[in-house]
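Listed after this line are the structures, all set down as structure tokens.
Two complexes come next, and they have one chain in common, chain A, joined by chain B in the first and chain C in the second.
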Partner chain A sequence: MSAAAGVGTAGVGTADVGTGELGLRGPSAQVGGAGPATAHEPGVAARRHWRPSRVAGTGASGLLLVGLGLFILAPLGMLVLWAFADYWFFPSAFPSVWTLSWWKTVFSGGDLSTAVMWSFIFAPTVMVISAVVCLPAAYVFARREFLGKRAMMMTLFATNAFPKMGLYIAMASVLYALNLMGTFMGVVIIQLLNTLVIMTWIPAAAFASVPPSLEEAARDAGAGPWRTFFRVTFPLASPGIVVALILAFLASFDEAQGTFLVGVPNYVTMPVQMYSLVSDYPGPATAVFAILLTIPSLVLLALVRKHVFSSTLAEGYRLR
Partner chain B sequence: MTTAPAGSGMLGAAPDGTTADGATTDGATTDGATTDGATGWATPGQATPGRGPEGTAALSLELRSVGKVLGGRSVVDGLDLQVPPGELLCILGPSGCGKTTTLRMIAGFMQPDSGRVFIGGKDMTEFGAQHRPTAMVFQNYALWPHMTVLRNITFGLRARGMSKSAANERAYEALRLVGLGPHATRLPGGLSGGEQQRVALARAMVLEPAVLLMDEPLSNLDAQLRLRVREELVELQQRTGVTMIFVTHDQDEALSIAHRVAVMSEGRLDQVDPPATVYRDPATAFVAGFVGRLNVMAGTVQRALLSLTWGTNNMSTISLPATPSSARSGPDGPAIGLVDGPVEVAVRPEEVFLTDVTYPGTGQVFLEGNVVRTLSRGHFDEVLVTTPLGTLRAYVAAGTGHAGVVRVNLGRMLLYQSDRLVGTAIGFQLSHLPAPPPGQADGLAR
Partner chain C sequence: MPVGVGFVPVLITIVFIGLPVALAVLYTLGKTGGLNETIARVAQHQVVAKHGFTLGAYRNFIDSKELRSDLWVTFWVTVVSTAALVALSVVLALFVRFSKGRVGRLVSTVYVVPMFIPTVIASYALVTFWQQNGKLAGILHALGLPSSWVPGFTSMGVVLGLVCTNIPFAVILLASSMHGVSDVLIEAARDVGASWPRVVWSVILPLCRLPIIIIVTFTAIGTLGNFTIPDLMGPNAPQMLGVAMTDYYQSYGQPQQAEVMAVLVFLAALALSGFYVWASRSERRRVSAQSGAK
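Up next is the complex of A and B:
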């Protein structure tokens, strides 16, 4: 369970960090160094981590760092230990007997591997569909003024303001009416609820940060609207768009409640499977599954760090 | 002090000089522009002046009563402008006067709400920037930061369907011309401001535009570099003969590089003339105030005589013959004449002459003042003098060392009524020789 929480917070951490460039260094740096769930803690630790001189400067902050590290890493460590533990009882600090059997259980169990499959089918599908739907909208939000623009953007945000379950139940009645309950499209639609705001707000900010004069210069040089978009606007906005794509992927990948409501029993993804695992399997199997769930987040966040926010690229993008 | 009769003393000889000035300047206005009509650049295809049904084919650019309303405000208001090929025209005006909006309408980033835009004789009003044979150098250069310098330059050529190798060849040539050959593979972010500016220029020039548009391209450079780039621009324009529209708020820049200066104020063109004319005969009070420094006084005109009065009891009055301006109120409008009544009298600081009171008065009227402050401006001194006509600013030769009470003589005065130049008058100037005997009309040294 704690791993599930960790994954969730990793997603949230990057979400609020996606708005500011500076903040992004924080979690991504930690991803490289420490572990997934550290993304939850703000960039203070990360920045200190980067510049040891400052840490050394104040012993208090050093202590704080250690405390935070323990607070975040200890449960994760436990999770990893659990995933390989056969016998582990109270007084001993480490399992007395180690095993890989829980991993075998997870990979051999038909249910579990199907869940992995569905997760890796739904997440890219939802990511692509939300990109196709939202990117044009994001561009319009960034470049045009129209009546009700703010209201529309706030409406998108509002989907995240309510308890999700209430929203899902309301949606479910709509999906029933449309005969989409228990269908692939139904699951996709319910997962899109989470990705719409990500795929609209972040790319809109990215498009808005591309100076209009760069587009005008392209038009002036004789480029049509498509050439201008794909050669100038899109490449310049792409860091923000990639972040949004990754966050959308993770949002879909980690989504459990809506998928549970709409997809079960036909479509069971990994987070949904977690629910039954917790009740039906012993703890170590759950730990293995939780670790599997965090891997895509880790890989994707590392990619974000490596390819989107590497300093060389940022250097080239800065004009004067 | 006594009142001088109109014809007395040093005022007598004025009319000849003035008429000559007033008449010739306006005649020269139109000629100066058309003379440099050489077109050195050969532009295959797009830039050839088309035989537009309505446009004047001989002109690179023509605006016909172009207007634009933005946010309920008339930003550009019935603008007429004709630019012959090969001209370097500066649109000069303060911030918010509509000069950039005008440029954007020429470039095709904005559609005018009224009027037509002709480029190379062809009506381009409905065309977007993509289809216009113009190229723009943006104020912030607007280089694409994710493309190398080379790709920045080939972008437009590729967009127009040129093969990659041909485009690269042209781009390298353009880069060599602006001295940036070795930087072809760098990203713009790694270049200095001056280098970025040159890349922007090369990017525009490589398209061989019919009209090159520049939106305050020097404003982001430091002072030294600005002067150098300014000269380079003039040189480039002369070499290529490209028609250039240059928007700036820097009068110094406009006066020094332009063939003609179009002074803009509140969406209208107040004057379109060669720099010397704009400076010497500013058509409106706005132009006079915007271009160069100015002393402004109040006077009256009565039957073509300008009277300047000072002192408390109307005791001191000088009357001078005033020459009506030959300017017209519009292309076909009536001549603007001097109307009897109050008039604004404007004098350039270099037309204010100071003499030390070292010789006895001769019974004539002299304007006297106190030197308040002398500022060294390097090759000349700027002297502030309080006179009964107000505080006047005078530019005098460096190190003249005026102090205390000085005699103030006014040279060429510009007369404005309802903010329009209606005439000029030549004041009087004393030589440094002892004053001539009264009544002898030889005082006017100009």
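Up next is the complex of A and C:
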């Protein structure tokens, strides 16, 4: 990790993003393989099985699993059941009458479909603008040494260093002054800020992992700088860039707090709609909407799961 | 490519983060001119400095009993949820790192689930599950326990919600760093007679200092500025500052008071960031000193 400290953009993340093979999968082989207990002889392990501490350990792990289930899985499972429930009263375990009518309510509702539309307009817009703004910067950070580079990367880090709602409140006053409050551009700006770190640091690590010698070879063979970039550098760095694009899309798609402050009432996206759904709509309709909102996150994050596990995300929080 | 393009995202950050923060500080000190003029024109109950600065807006904050209790609840929710998150994520990461077989795999599948769920949905699902007439109350009832134990719409529920939504980030960070702790070190400690708790405390955790510092800093900052979770899961009063400042800004027409709260959480975050920079510098020095000694 000390090596990562010195090299600027190229850090531990380089290997992760560049190869796409490392990450939890690689190291997790250790879990099955050379775990500490397997180092002992089987006899010792068997004897240990009867020790009170061992039994307590098994009990504790069972408890942990039940706790996690109650804490994480049960609420989500209930939400899914709610989406199909007509009558479900305390304290019965399952709905007494099932229905699909809540799905019809959501799909026919004017407000709700508008929210879906705005979500799918804002997220791609923000993703594209973020890419246009940040990818060249990422390339420069990865390839060039210049005065103030560290300071510049630290400045980007400010987006993570401020408590979000406080920051949005402060921003809102400036957006008022610039006549951007309640406008399309205002919402784009507030969502864009959440993508800057992702869109700069992850692609920068990806660009840095492309050996400069390959670019030089292409230049020697007569390729111009643009041709070199688009035929050599970009394809090699593309896995990291795709991850950053997807994460930026999701950052915008799931952003609720800032959009709530800046966009309401003109631009209500799906997560913002959730705030009012919770108080204004019957529970099951909210559950249906919640499931619809979760699907894109679920699908897109499943696509980049490997990279997320490889602590690429965490790189955005590491000072260099 | 010109170095200048690197400046574009930085410029956006300066214009839309640096400038607003500076203006917010000035506004709370009674400066209503310049870019603050627009918001100051619609504001009610604001303190204006005739010349120099005034701390009047901050005095109003401290004089308000409601806001004092909002500040206090923000403080303890942040401390308790961060501490609980670190404790729980250490346990989970140890599990992911060392347990073999089905339970370990199951745990490492379950803990990442909240990452795939937008925060709004997760907090709604949680609060539906454990509100007074929710299913958790039903489970408690079936077990013969008082169903009033459920944490729905309480500040303790907010703590649990924060822990739940932050678990993936924390455990991923910790687990990846625990995978870096070599088995050789652990076996060496075991061979000289160290118990498992001792190994965790004296070998594994010291090697995971940096990720723990990262988790503490960023969950605490995230909690200070959180709106979604306390808004959907918390009580109507006392509110966490993230909710209170939104209400003062949007509903009560008191942007200056809202910005006072914003500046207060900025100051707390500044202290946390300072701690983080100091801790990661000293950690880096320590690591490089060690690798230099080899």
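Throughout what follows, the second predicted complex is superposed on the first by the 229 of 320 C-alpha atoms of A that agree within 3 Å, B and C clash if a C-alpha of one lies under 4 Å from a C-alpha of the other, contacts with A are read in each partner's own complex, and residues count from 1 in each chain.
Rule of thumb we're sticking to: a contact is a pair of C-beta atoms (placed from the backbone, for glycine too) under 8 Å apart; a residue touches a chain by one contact, two chains touch by 3 or more.
Just so it is clear, the model here is predicted, and its values are computed rather than measured.
Participant: Using the superposition described at the top, determine whether chain B or chain C touches more residues of chain A.
Facilitator: C
Participant: Tell me the contact category for A:59 with respect to chain B and chain C: first, second, both or neither.
Facilitator: neither
Participant: When the two structures are overlaid on chain A, which partner does A:265 contact: first (chain B), second (chain C), both, or neither?
Facilitator: neither
Participant: If you stack the two complexes on chain A, which partner ends up touching A:71: first (chain B), second (chain C), both, or neither?
Facilitator: Once the two structures are laid over each other on A, A:71 reaches chain C alone.
Participant: In the overlay, answer first, second, both or neither for which of chain B and chain C A:294 touches.
Facilitator: A:294 sits against chain C, while chain B stays out of touch.
Participant: Starting from the residues of chain A touching chain B, keep only those that also touch chain C in the other complex, and list them.
Facilitator: Residues 317-319 of chain A touch both chain B and chain C.
Participant: What does chain A use to touch chain C in their complex?
Facilitator: My answer: residues 1-2, 5, 23-24, 27-28, 30-32, 34-39, 61-62, 64-65, 68-76, 78-79, 82, 90-93, 133-134, 136-137, 139-141, 143-144, 146, 149, 152, 155-156, 158-167, 169-174, 176-177, 189, 192-193, 196, 199-200, 253-254, 256-257, 260-261, 271, 274-275, 278, 283, 286-287, 290, 293-294, 297-298, 301-302, 308-311, 313-314, 317-319.
Participant: Within their complex, state which residues of chain A touch chain B.
Facilitator: Spelled out, the residues of chain A in touch with chain B are 211, 213-214, 216-224, 227, 231-232, 235-236, 315-320.
Participant: Could you pull out which chain C residues touch chain A in their complex?
Facilitator: Residue positions touching the partner: 1-3, 5-10, 12-14, 16-21, 23-24, 27, 35-39, 91-92, 95-100, 103-104, 106-108, 110-122, 124-126, 128-130, 133-138, 141-142, 147, 160, 164, 167, 169, 172-173, 175-176, 179-180, 183, 186-187, 190, 210-211, 214, 218, 221-222, 224-228, 231-232, 241-242, 245-246, 249-250, 255, 258-259, 261-263, 265-266, 268-269, 273, 276-277, 280, 284, 287-288, 291.
Participant: Using the touch definition from the top, list the residues of chain B that touch chain A in their complex.
Facilitator: My answer: residues 107-109, 128-131, 134-136, 138, 140-146, 155-156, 159-160, 187-190, 193, 196, 203, 207, 220.
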